[in-house]
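Below, subunit A partners subunit B and then partners subunit C, in two separate complexes.
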Partner chain A sequence: MVAINPFNPAHPDYPGRPDKPSRSSYDAIVIGGGHNGLVAAAYLARAGRSVLVLEKRPVLGGAAVSEEVFPGFTFSVCSYVVSLFRPHIVRELELAKHGFELIPLECSFTPQPDGDALVRWADSARTRQEISRFSRKDAEIYPEFGLAMSKLSQFAKAIIDNPAPDPNAIRPREIAKLLRLGKIMQDFDGDTRHLNLKLMTSSAVDFLDQWFESEVLKSPMSVSGIIGTFLGVRSPGTAYVLLHHYMGEIDGAYRAWGFARGGTGGVSLACARSARSFGAEILTCAGVSQVNLGPDGRACGVVLENGDVINARTVVSAVDPRRTFFGLVGKQNLDDEFATQISRYKLRGSSGKVNLALDRFPDFTARPGDGPHVRGDIAIAPSIDYLERAYDQAKYGDFSERPYLNVVIPSLSDPSVAPPGKHVMSIFVQYAPYEIKEGPEFWPQRREAFGDAVIDTLSEYCPGLKDSILHRQVITPWDLEQEYGLGEGNIFHGELSVEQLLFLRPAAGWANYKTPVPGLWMCASGTHPGGGVMGAPGELAAKTLLRSGEL
Partner chain B sequence: MNAFDAIVIGAGTNGLTCAALLAQQGMAVVVVEAHEQIGGLARAHEFHPGYRSAGVLHDTTVVRPWVVDQLSLVHHGLQLRPTKPDVLALGAPGESLLLAGDRLRTAGEIAKVSERDADAFLEYRAYLDRLRPVLSQFFDRQPLDLIDTGMGDLWAMFRQGLSLRKLGKKGALELARLMPMCVGDWLDEWFETDLLKAALALPAVAGTFTGPRSPGTNANLLLHEAAAGTGGVVAGAPALVRALEKSARANGTSIRNGIEVKRLLTDGGCVEGVELVDGEELRAPLVVSSADPKTTLLELLPAGTLPRSTEEALVSWRTRGTTGIVLLALDRKPVFTCAPDKNIAYAQTGGHILDIERAFDAVKYRQVAAKPVLEIEVPTVERPNLAPEGHAVVAVRVHFVPHTHDSGWSEQQRSTLGDQVVAELGQHLENLADTIVAREVMTPADLETSYGTTGGHIHHGEHALDQLLVRPAPGCQRYTTPLEGLFLCGAGSHPGGGLTCAPGGLAATAIART
Partner chain C sequence: MVPRFFTAMPIPTPFHTRTQALCTSMFWKDWAGYYAVRSFDTCHEREYYAVRHAVGLFDVSPLFKYDVRGEGAMALLSRVMTRDISKLRPGRVTYCCWCDDDGKVMDDGTVSNLGDDHYRVTAAEPTYGWLCRNARGLPVEITETTDDIGSLALQGPTSRALLSEIVADTKKPIEKLRFFRLLKATIAGHPVIISRTGYTGDLGYEVWVSREHALDVWDQIYAAGRRHGLVPAGLDALDVTRIEAGFIMNGVDYQSAHHCLIESRKCSPFELGLGWTVDLDRPGFNGQAALRRELANGSTWATVGLELDWDEYEAHFTEFGLPPHVSSSAWRTSIPLYAPRRGGRVNGRQIGYATSGAWSPLLKKNLAIATIEPKFQVPGTRIRIEVTVEHERRSVAATVRETPFFNPPRKRA
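Showing the complex of A and B:
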């Protein structure tokens, strides 16, 4: 008999079960078994609290999930690469012991329409050789750029590893936080400070224009500024995300991106096993329909979709802010001002996903054959104009006919995810706006057309692709909302635009995981420091909750 | 022995303001202007025999009251309007909305299409009134140095931080939310009427390389609204120039127009004067340039004079002009089809936020939009003497027009742009085509040559958060430059472009302190 895939909930060691809760009351109930919910649960359980995690779907991981979509083919269905998962979380939750393992991506491959290509390697000298074919000047300055960015990333790290500073608070803790940031700035020289200011305010393209001349280099670099956002590479405020490529830490050492073994779901399952080892209870097929409020207006538990009531001293929500407050708590239980803040919170999903099961290795015209160059990520981003045109279409309510694509073929570095000789290809697609002109509910009718646009685009660089496709799964923003619970299909639980970051995420005055509903906390990407498979919101939320003395 | 204490390069509103204030302090000042006529982007010019334009910049409501007072401009003939002039917002042919100088009248106009928006508009105005005292400091105070931050700056930051408290704890956080937003999202929070939203959004993006969906454009809107504190100047920008000139001359400033500066004379780290194109040398211990920063520091200075980092910062200083100008000479008064009985002096197109966004999209690809957005001024309404008896001038600022056209700016391209504008305008003016006597079309490239602003940028540099907070470059943020005796006083310095006269005024203060 065939061994059951460890990501299949039927597997005996699967950390979640569709059972009944073992008790009627818990210290904390975590709504949503995504990676942030599980990280929060693990920290709370580790601190000796009784914790129950409730996941609506039969599988754990939320958007950080591996599923055997087609027999023998396991996909990182949504989130497909891991970069910023905080190393101290791996240590504190002993995730390695529970199967957390990252396989570094060695490079980034950008095939060009003219049959040429640029590959950026982890090894800078090799990258410079590649770049010098397009611009000697750019090749020379490339390391200098990397150095400057790594310097600046200290600033960004200080931000994502701490709760958001509260500019209004006069508490010593808050002032210390601000001083710490101030200190980092003071230690920068003038040029670096100016660079930091530009990084925080300008567009990815304008920022890169100061350094480089070659579009073959600038285009693929600029896209890291727009992933998951409803912005273009020329939109102010997109530059700072460039940093993430210089902050990635895998097992402590600097590396940009990596795959989790078995797919991104591997990260979530490791978190789940860790949470269990600390005594947390994890239920699947347990959708929550409502947060229960006591007579005093305090959150005192939840009602499941099947009507069961479970009590808790605190409820921690790992679903996006809008669903948390308008869906689970209910507008009628919020004061008008806060309700307005949440209704103004922008979700605006802008991306989709196409997952392919291939019966053979797909050849790229620019560099045929298997090789290290296809074991990293493959970016279809031929020019700045191409990327902006893709964005412009989305602004007016269409998906891009020629979208930006970020492609990975995990089966090349992790054979466990596909049958021998066969491959899985995961394609991240932007732009696919949630709000198409016809209205989001019409996405199902346009789903296949969207999938075709993606395959046609990629086929221009990979002619044999169509013939090698065994199965295809097309995920639109509508699907991300309906199936994975991401509001408006936003992969970050809310636009990562400056007015929704730091002390403004998700709402001014409520950026510290606490909510206006006593006993209700938030712990996912809709809170500081935002989206991505970082685990930071879950960790910071749990630590803040424990420190608050409420639990 | 120097004949002058200070040489001011450029007789635009900022150059004249700075010169007049320096002269007021008893300095012997000479202003050197390349063009035959003074006024820079505010100068009127005869584009067809008997027909004169009213200048590229038109919005005089932002002029700083403290400049008007200190230079007693009213005494020198400046008349301020009691209220802002009416602006007619044009949507689809036949559709329009009058934004009256008086907000209650505007609310009345809005009420015809949306009661809800009429009330919201009064709240909106009231909210902007609350922000004005805080935000207008930006135009009336020396800039902070955010790069080389000294104790003085920290103290100033602290004080300005306290002034935010005027808005209350929540108010300050709200401001932090609003600044980085795109103007489209913010106006969506207030209003439902597309034409109203588009009309209010245009000033936030006019002249910039951004559209109403670009983050940060809301900061431009809020700053513009904070600056627009007066009713504006009767007879517009040229009248402001005349008053500034009178005041400058009254203080003993001499103005030499029609002669261009070839280069700056330097000795070591010091500036000694300027050399004019005819070879004449003017010497003074102080040279103040109202030309844009790239021209002043990269062109007029010998290469290698500046520290590397300053030079690099200036090279990447963004000056992509996006404004074109079309001037029309008409043989009769223009009649707006949707307001035939009114004498409209100001109007604008762009019926929907996304119309403006589409117009911006084109410029990213170095092209002109199919439907450019127009800011229309009929200067002859207030100043009939700009045209022959009974005739009229229509001055149109066209958004967005690329500085570098994808297929190069040929005569052909230029007249296509002219035709586009006339066609667009023709939808709102009664048989426009038949009434046109002559027209002049200026692309950003043309503005660059005739006004000497790099990239033809009407603000001397993009109004984006990074270029507003550090303007123009580290080491040059307080009107000083790495060269001793050389100062900047143009729109490329804090607080930026427009007819505020603030850069010139604040530069004079900074110079007086040294």
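Showing the complex of A and C:
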């Protein structure tokens, strides 16, 4: 008896079907069955609204998807770790009952080319011991840094758990939101306030230089500032994203990052099952070609790629802002100023993925064995110059020959994703710019060369890798756009840089999930508070929509 | 039987040489006189997650075990247990409790029917004396086997696949073994009994093996476990999982009637939420008359699950400028519960006490098990529970919930 993989849409319990909609009109249509679309759908359905989710692909999850790419091996094809998924969403949508389970990452392992390695553990004494081999001073400053970042992260937490305040509005709700943020800032002591300003403006490297001396420590720390952006670790503005690592929920700072059981698609399927339990209808293979506007300019439904028309009182887009407005609404239906803002919205994807099915665990030279050190994330970021050189190539339209890699082997913690004794390896690769010099449509020709560069790089630290590969899946930014719907291959639906955050995401004046098109709302990573598998945009959009009285 | 160890307490279990080598944290506790690992690593987190995602391997040998044999075995156990053991067919296991003549619970545990008038009882406390006292006049032989039998609990979603690789000589494949059934088998060539039971509320099995073969069986399970994500796990992880499963614990959530100095500390099966284990209408058993009276007149207490309101909890911390904090370990101290007053914001009179609880990393919920006045036991009822934040005693709302808090379909599938 061969069990059907639960992420295979042929599985009898799969929460989406390639059916026809059961009715001709809904309270809300959600375009896109990614995790944010599904979270929004669940909240809307929970409030008693009739909801239809339309997903183009045969599988749900968008970029938060698990697929059995090679028999017996379940890949988190795109997004591979779950960070900051809001715990209250887990409670409110009863996601655990629907299969949501997260396994925290234990540590962060950085092998060095010289055969040494640094491991940062959840256990602070152990981390101190590790860092002190490189710098005794850094080892002791490290917890101080953590403390300072924890203070700052209270500010960040208030930001991600609430809709963005609108500084131009005089509505009491907006002012209260601003005041709440102001109050947190005000409660900071002077040093913390200064630190916050530095954080918002510095480069990741400059910010870390104020604390640490050891490159071995600084390099892997600095990369959290560049993930998903087309910036380098020495580019200003990259420090802010470091904070995301410290917005630890109560499970502890490091443990805010984890694997979803069954891969990242496990999160999406739990959201889908929850949405369905509240009465939402979820269709797959149902690509939307157009948002229908009524004679009054109001969004009143959608046209599917097959020509079917479905009506709705509101349309909620879970695809990126560029595709929503230019692809589905059409420039001709937008006013110039708004259209200009959206065309200036920076997507410019900079990363790719290589997913491997492995016959056996390949040892890392620096620390052999499949012990706890490889059960977290593994970073190939040997020095700051290495990272900056990787960026240099990307700036001029090439993928990095020696890229930054973030590797996880989820099968070591979650045996459900690979056959016994075999493994799944997920490699996040930066930089792989969408705009290569030949043009993005030439990515398919360069795909295998890109894959080779990644495998060659990792093999320098993990010599047995090549011999253990059973199957290789290479995903370029072009694939992320064409297959997974991420505009320009940007994993966050738009860069998470300071000028595209908060009340500026996706456009000034339109940060509250509402759009200039009446009846059209947005609910995904292109809205506040942005990308990552946290569910917050979906939740906040749905709650804002319900409160607006439009639905 | 001659005791094997004359060393100071605690004493090693049959698996001690293996657990000792793995317990790098040196974090042990005394469990009924035995060395038991609290967590192998400095933190039990990985062990907890293994139970929910892969498989945890627990040494549960310190459980008290009694073999009851002979023509009168069924009659004895039917007399002692709240369950009608005459209905327990060979190859089955049942969970139940046992009471004194006043219908007050002395202990809870399992009874297995191993066939041919041979039963095995597990208990949290020494029960040999109680079984012997009740056996007068019955043709039975009662043996304490606590020290002779090693027990391993394999708990978690991959436990079935692991066992199916190493189990031999069974009448039916392990995949066919249903919830609360047992079978005889061999592992590493040695006879074992495998029951589909456990204390985690997940898919899981317990393996029972005689002391002399214990290490071979451990080694085979451990070696095969590498391919199934097996993690040796200790009691701290078990404690969190048993709260999620809504299982009560003797000495924590209730006191055995054996030990209570005052009557008010004793409790009945109904008060513990174990009414479902009481088969009242059958020939006499211990406590029957008292339990009948209680059923007619009502109980003084009820045992319920509680979920603490997170937003109120977090707000207390925010007031101090702190991020919310919960312990990663389960707690087991008595904490007062109050009736809500003035729209639920203020404490009214005390209506009970929570006895243990834990933050569930899986459910993202703050859970507790509590003893409460029966009129508050309906799921959905809002009450208030004391919390201590930054050394100050405060309170938050809590909602009565049905247990188990976590009940995955795989547990019974």
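The criterion applied here is as follows: the second predicted complex is superposed on the first by the 544 of 551 C-alpha atoms of A that agree within 3 Å, B and C clash if a C-alpha of one lies under 4 Å from a C-alpha of the other, contacts with A are read in each partner's own complex, and residues count from 1 in each chain.
Please note the rule applied: a residue touches a chain if its C-beta (ideal position, glycine included) is under 8 Å from a C-beta of that chain, and two chains touch if they have at least 3 such contacts.
The structure displayed is predicted, hence computed values, not measured ones.
Enquirer: In the superposed model on subunit A, is it clash or fit for subunit B and subunit C?
Expert: Aligned on subunit A, subunit C fits beside subunit B.
Enquirer: Using the superposed model, measure off the angle between the directions from the CA centre of subunit A to subunit B and to subunit C, in steps of 10°.
Expert: 130
Enquirer: Looking at A:88 after the superposition, I want to know if it touches subunit B, subunit C, both of them or none. Which is it: first, second, both, neither?
Expert: second
Enquirer: Just checking: does A:287 make contact with subunit B only, subunit C only, both, or neither of them? Give me first, second, both or neither.
Expert: Once the two structures are laid over each other on A, A:287 reaches no partner at all.
Enquirer: So, A:21: does it touch subunit B (first), subunit C (second), both, or neither?
Expert: After superposition on chain A, A:21 lies in contact with neither partner.
Enquirer: After lining up the shared chain so the two structures overlap, which partner does A:193 touch, if you call subunit B first and subunit C second: first, second, both or neither?
Expert: A:193: touches subunit B, not subunit C.
Enquirer: Return first, second, both or neither, reflecting whether A:518 touches subunit B, subunit C, both chains, or no partner chain.
Expert: It touches nothing on subunit B or subunit C.
Enquirer: Should A:58 be classified as contacting the first partner (subunit B), the second (subunit C), both, or neither?
Expert: neither
Enquirer: What is the contact status of A:420 with respect to subunit B (first) and subunit C (second): first, second, both, or neither?
Expert: second
Enquirer: How far apart, in Å, are the nearest Cα atoms of subunit B and subunit C after the overlay?
Expert: Least C-alpha distance after superposition: 19 Å.
Enquirer: Could you tell me which stretches of subunit A are touched by subunit B in one complex and by subunit C in the other?
Expert: No residue of subunit A touches both subunit B and subunit C.
Enquirer: Which residues of subunit A touch subunit C in the complex?
Expert: Contact set of subunit A toward subunit C: 87-88, 90-91, 96, 101-104, 106, 122-123, 126, 150, 153-154, 157, 187, 248, 250-252, 255, 261, 372, 375, 412-416, 420-421.
Enquirer: Give the list of subunit C residues in touch with subunit A in this complex.
Expert: 41-43, 45-46, 49, 52-54, 157-158, 161, 165, 226-229, 310-311, 321, 323-326, 328, 359, 361-365, 406
Enquirer: Where on subunit A does subunit B make contact in their complex?
Expert: Within the complex, subunit A touches subunit B at residues 167-168, 190-191, 193-194, 197-198, 201-202, 206, 209-210, 231, 234-237, 344, 346, 385, 388-389, 392, 395-396, 497-499, 503-504, 508-509.
Enquirer: In the complex of these two chains, what residues of subunit B are touching subunit A?
Expert: Contacts found on subunit B: 146-148, 169-170, 172-174, 176-181, 185, 189, 210, 213-216, 309, 312-313, 316, 318, 354, 357-358, 361, 364-365, 464-466, 469-470, 474.
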